[in-house]
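Each of the two complexes below includes chain A, the first together with chain B, the second together with chain C.
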Partner chain A sequence: MSTTNLSEETLARRESRTLAVLRGIMHEPVGLIALLVLVAVILLALFAPLIAQYDPLFQDRRAVLRAPDVVHWFGTDDIGRDVLSRVLHGTRISLFVGLMVVAITMLVGGIIGLISGFFGGWIDMVIQRVVEALDTLPSLILSLFIAALLGPSVRNVIIAVAMAQIPRFVRVVRSEVLKIRAYDFMSAARVLGASPWRIILTHCAPNVMPTMLVMGSLTFGVAIMTEAALSFLGVGTPPPNPSLGTMLSQGTRFIGTAPWLIVFPGLMLTISVLVLNLMGDVLRDVLDPRNR
Partner chain B sequence: MLTFALRRAILGLLVLATVAVLVFVAFRFVPGDIVNRQLEEAGAVTPALLAEKRAQLGLDEPLPVQFYNWISGVAAGDLGKSLWSGRMVSDQIGAALAPTLQLSVLAILIGGILGIGAGVAAALWRGTPVDMVLRVASTVFLAVPQLWLGLLTLTALAAIGYFIPLPYRGFTAAPLLNLQQVVFPAAVLALGVAAALSRLTRSAMLEVVGADFIRAAHARGVSPSGVYLRHGLKNALIPVLTLLGTQFGNLLSGTVIIERIFNIPGLGNLLFESVANRDYPVIQAAVLTYGLITILVNLAVDLSYGLVDPRIREARA
Partner chain C sequence: MSPLLERHGIKALDRLLPALALGASLVLPAALHAQEAPHHGGKVTINIHADAPNFDPLASTEFAVHSRLGLALSRLIEWSTGPEVGYGEFIPKPGLAKSWEISPDGLTYTFHLRDDAVWQDVVPVSGRRFVAADVVATYEAIREGGVQRGLLSAVDRIAAPDDHTVVITLKRPNVVLLQNLAHQNMWILPQETFNGGYDRNTTVIGTGPFVLESDEPGVATRYVRNPAYYGRSAAGEQLPYLDEVEILPLKDLNARIMAFRAGQIDIWFGPLNLTQMEGIKQAVPDLQDIQTIAGNQTELYLNPSFEPFADIRVRQAINLAIDRLALGEVVRGGGAIGAPVGPALTTQTLPEKERIALYGTPDHEKAKRLLAEAGYADGLSFEFTVLNYGEEFVREAEWIQQDLAEIGVTAQIRLVDTASGQALASEGNFQALFLIMSPFAEADEYFTTHYLPGGNRNYTKVDDPKLTAMIEAQQAAVDPAERVAQIHEIQRYIAANVANPLPVWAAVLLHPAHARVKGWHPMMTQGFPSLPEVSVTD
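Take a look at the complex of A and B:
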């Protein structure tokens, strides 16, 4: 009986905290606008198959390189595919890759960072040397290297992009854990006989969560940009999938003649990254304990 | 100072060695080895051919021996031969390094001046329309992928009928032509750097401007420009320098894309081509070169702290 009460209480508390964060976001005009645009982008991506009037792979040979008009709002490409439909489906892939990258980075980076910070010693030493080495390589070059090794597929792009983001997560989470370790409640937990894993999960993890959420939301935009870059270079999402990066790469051949092939996919990419970055900034302001 | 520099250099070398090990190990994790994949793509896999190719590349030796062979070659400056063109990898890297370095140095110079200038201006005119415009611009340019910005630049140039002359020529061979080819890609890269720098410079300046020694300088009758530049900016410069170092890494990522778009035969283009051809020795060497550049830049940033802040200089002495 008492346990259910307790869990209900925690649940209610957690809910109110989520609400507080949301209220904080909406309180700022920039946050509100960014949130609205982000919701719009997510809805467009989610319902792309319903919204798009054409199959993104359908080639209409009678309508090749059409400039934007009433029939094809964003024009058509060199083999007669509708650019608007492809942009919508491309956004779907971008957001999916971004979401997966953030989830994997937070999970893997978080766990490694917690272990590194909590246990210290030789484990920490080994992890830090590897992180340092990976951090030395510019992130796109690391992603390109891994993507090239694994070969082009959506799954491999996700791995390649995440691998380049994980080192930063590990470093930040580790330093947070080092700070938390000095608090009294940590020694109290140890004295009470809690196992290391219990301490990590129930005391460390919740305390690094705000930092992780902020970093995660800022990683989202980076992940989407990197996916586009990898696809542009031909090691990302493989064709015929309508990835925004692949579309830009195909558009380069018609740069003087069909600018709509460059303008619209890039615009969608920029808007997505912009609102995600803005959300990250606002989230940081709201979650940062110094601002509370 | 010298011992400090030496210690940092040795640490940097150790990190580079770790990178080399990781790169080497990563290649052994690839499902199906290099030769197998190459021959498969050529459509001719026979056991005899496989064994011959493997022996040729030294892939039939035990792993530690292979690593020793490779790393001792690297240490002696011998990076092996390209599987694709048969050229020496070190020659290819050497030729590709100059355009990339020129592009990044130009971009970091333009971006640094633009970004720090914009940051100082935004801090001085805080709350005015100037500040607003600069802040919005920096937020937008942080979000615009350089990939798109580069392509838009080409689109805009094509629209006014200007086409960047090709093929690429080095600065020493044809200075004027080279500048025409480099200025647009450098500007695209610089905008990203400037956007990140201006934000940080603004907040660092605002923190410093509120300090007592700034008021004291005003009271002593130092001219406003002297107060803000010599007293203000110099004290706000440490975090800005740190960011400039990390921005260099982003800049290098950007050059891969920008070199591709603007047809500049730099390290990024070499990496791209070697990835497309699965030319593993070249990929390995290019990745290692990027690591080396980053380590050198970090070293330079570390040493420059001492130049800016005498307290750091003394602590290290």
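Take a look at the complex of A and C:
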């Protein structure tokens, strides 16, 4: 009976914390706008097959390089594919890549960071040297190298981008754990006989979660940009699948004659990354206890 | 013909163009000649997007080396150039050999050398006369260790009975020997270089129209007129017309475009697409828009080790699905439909009407019937390996993918880098493979590489005894007209009985030049063979 009461209490506390975060975001005009735009972008991507008038791969060979009009709102590309449909499906791929990268980096980077920070000693030393070695390479170069090695595919792009972002997560989570480790409640947990894994899962992980959420939202934007960059360079999403980066790359050939080929994918890319970065900033402000 | 082309009125153009071309050919040359005759003097600048790592023609086949060597060196046989000669068309022209005879059995070639050719005045050769011993020394060195030794594989003996005669005896008839001697890598060098007289990696001594004055990697390669050059124009004037030529090694495409727009480059060399050309045209409206058909073409290889492609009906169905003419118009913006022998070889490829009949007449209903007969009425699916040669090439693959989808065939594109793709091709590790072949200047090169067992482009392991016999028969043909007929017959046989690889499209090549440059005719072979006859108006 008392256990049930405790769970309800915990749930209520978590609910109120989530609501507080949401209220915090809505309280900020920038945060509210960013949230609304982000939701709109996500909805557009989620329901792309329903919203898009055309199959993004279908070539209407009678409508090659058609300027935006009532039939093709964003025009068509050089083999007659509807740009609006490709932008919507491309956004879907970009968001999927971003989401998967964030999930992988939070999970893998989070776990490694927790282990490194909590156990310290030789485990920490080995992990940190590996992280430092990976950090010596700019993340885009590292992603490019991995993607080129694995070959172009959406799965490989996710792996390549995630691999390059994991070291940042490891370092940040580790430093948070080092801070938390010195708190009294950690000592209390140890004195009460809690196992290291229990302490990591029940005390460390929840306390580094706000930082990870902020990092995650910023990484989301970075992942989308990196996916676009890799696709632009020909090692990302393979053709004929639409990707914002691939569309930009293909559109550069027609920058003078058919600017809509780069304007719309570029706009969607800019908006997506901008709102994700703004959300990251707002989340950081809201979750930072010093701002309460 | 595709509806797209009909919509653009190409049918009407088909009828009009021959008449317009005939009219232009009658009127234009006379009009141009009346306007201005070439005069001596001046300088042109050409871009080559790489430096020459050395100047030894026996050490590498790099275009950056041989393009530069072509200005200073000569070959025994040269390529004819001019407005009437196609970009990839080999019409032999006297080079260092002023004439030649071929024995009736096709085994002995006797070359009579010029007696007015002298080496450039560079130590240690210092302007001595060119003699037959130079030819023998060069060819023997090539046979011993030159990168181009394969071109002389049919040669048994090379002899110089006197200073102005060279006799080449063959082990077997080789109809392409003259073309091999005119190959872009077959420069004749002075015998001194093979006796340790000078280092041909760094010193260039030739009998060509220009003398290499300096080579500064990353800056420029500069040439001055060779006053002792043996070449004369059709009017008997001393060649070359130009006093100086400069080659700029601009590696960055945008830098090259800007340099051309600014007039720092007179003659464009290297890749350029139609969109970039449009931008250049806006900046330089009076440029010479010279367009040719590429000496290579895109090809679709269907591996018979993948069960469906072992059936020729499936390969023919795929051939019938592809709308090549519309592809060429939309994706490439011009060019010519492919054939087993590429369209740049204007006399050896099949006539255009026949190429269109064999490869440019899509018929999806017939394709579906063929698939059904082969047991694939419900269609089939395969991995479509595409080498990443760039945007336009990938567009071709995407175009083919949709064409195939319309007959129920699903091609799953797998994009690979060119090096990996070449490896997959050589290993036969693919289901279907799409690539751009290297430029070839002779039908025999297409046949021996693509269709003979062991050929280095025989990725689908074609081994057809009848086809092999036909290929060997054309190699032994002596009468040129008869050989062309045989080459055409081989292509018809390939279309009907092999259908692998499927030729797709030869792109249009752009060679813009500034209006001040006269007499410029780009050719597929390296070394700028028309440069001696180029002049400038200012």
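Here, the second predicted complex is superposed on the first by the 292 of 292 C-alpha atoms of A that agree within 3 Å, B and C clash if a C-alpha of one lies under 4 Å from a C-alpha of the other, contacts with A are read in each partner's own complex, and residues count from 1 in each chain.
We take it that contacts are C-beta pairs under 8 Å (C-beta built on N, C-alpha and C of every residue); 3 or more make two chains touch, one makes a residue touch a chain.
Everything numeric in this text was worked out from a predicted model, so none of it was measured.
Enquirer: Please indicate which partner A:Gly256 is in contact with in the superposed arrangement: first for chain B, second for chain C, both, or neither.
Expert: both
Enquirer: Report for A:Gly245: first if it touches chain B alone, second if chain C alone, otherwise both or neither.
Expert: first
Enquirer: Going by the contact rule set out at the top, does A:Val286 touch chain B (first), chain C (second), both, or neither?
Expert: It touches nothing on chain B or chain C.
Enquirer: Please work out whether A:Ile93 is in contact with chain B alone, chain C alone, both, or neither, and reply first, second, both or neither.
Expert: neither
Enquirer: So, A:Ser139: does it touch chain B (first), chain C (second), both, or neither?
Expert: first
Enquirer: Touch check for A:Phe232: first (chain B), second (chain C), both, or neither?
Expert: first
Enquirer: Given the touch rule stated above, what does A:Val130 touch, chain B (first), chain C (second), both, or neither?
Expert: Touch partner of A:Val130: chain B, not chain C.
Enquirer: Of chain B and chain C, which one touches more of chain A's residues?
Expert: Counted on chain A, the partner with more touching residues turns out to be B.
Enquirer: Going by the contact definition given at the top, which residues of chain A touch chain B in one complex and chain C in the other?
Expert: Chain A residues touching both partners: 148, 234, 256.
Enquirer: Which stretch or stretches of chain B touch chain A in the complex?
Expert: 15-16, 18-19, 21-23, 26-27, 29-30, 139-140, 142-145, 147-148, 151-152, 154-155, 158-159, 249-250, 252-254, 256-257, 260-261, 271-272, 275-276, 278, 283, 287, 290-291, 294-295
Enquirer: Looking at the complex, which residues from chain A come into contact with chain C?
Expert: Residues of chain A touching chain C: 57-59, 61-62, 64, 78-80, 148, 151-152, 234, 238-240, 249-250, 253-254, 256-257.
Enquirer: Would you tell me which residues of chain C are touching chain A in their complex?
Expert: Spelled out, the residues of chain C in touch with chain A are 3-4, 7, 273, 275, 278-279, 326, 330-331, 386, 388, 391, 394-395, 397-399, 401-402, 413-417, 420.
Enquirer: Going by the contact rule set out above, which residues of chain A touch chain B in the complex?
Expert: The touching residues are 129-130, 132-134, 136-141, 144-146, 148-150, 221, 225, 228-229, 232-235, 245, 248, 251-252, 255-256, 259, 262-263, 266-267, 269-270, 273-274, 277-278.
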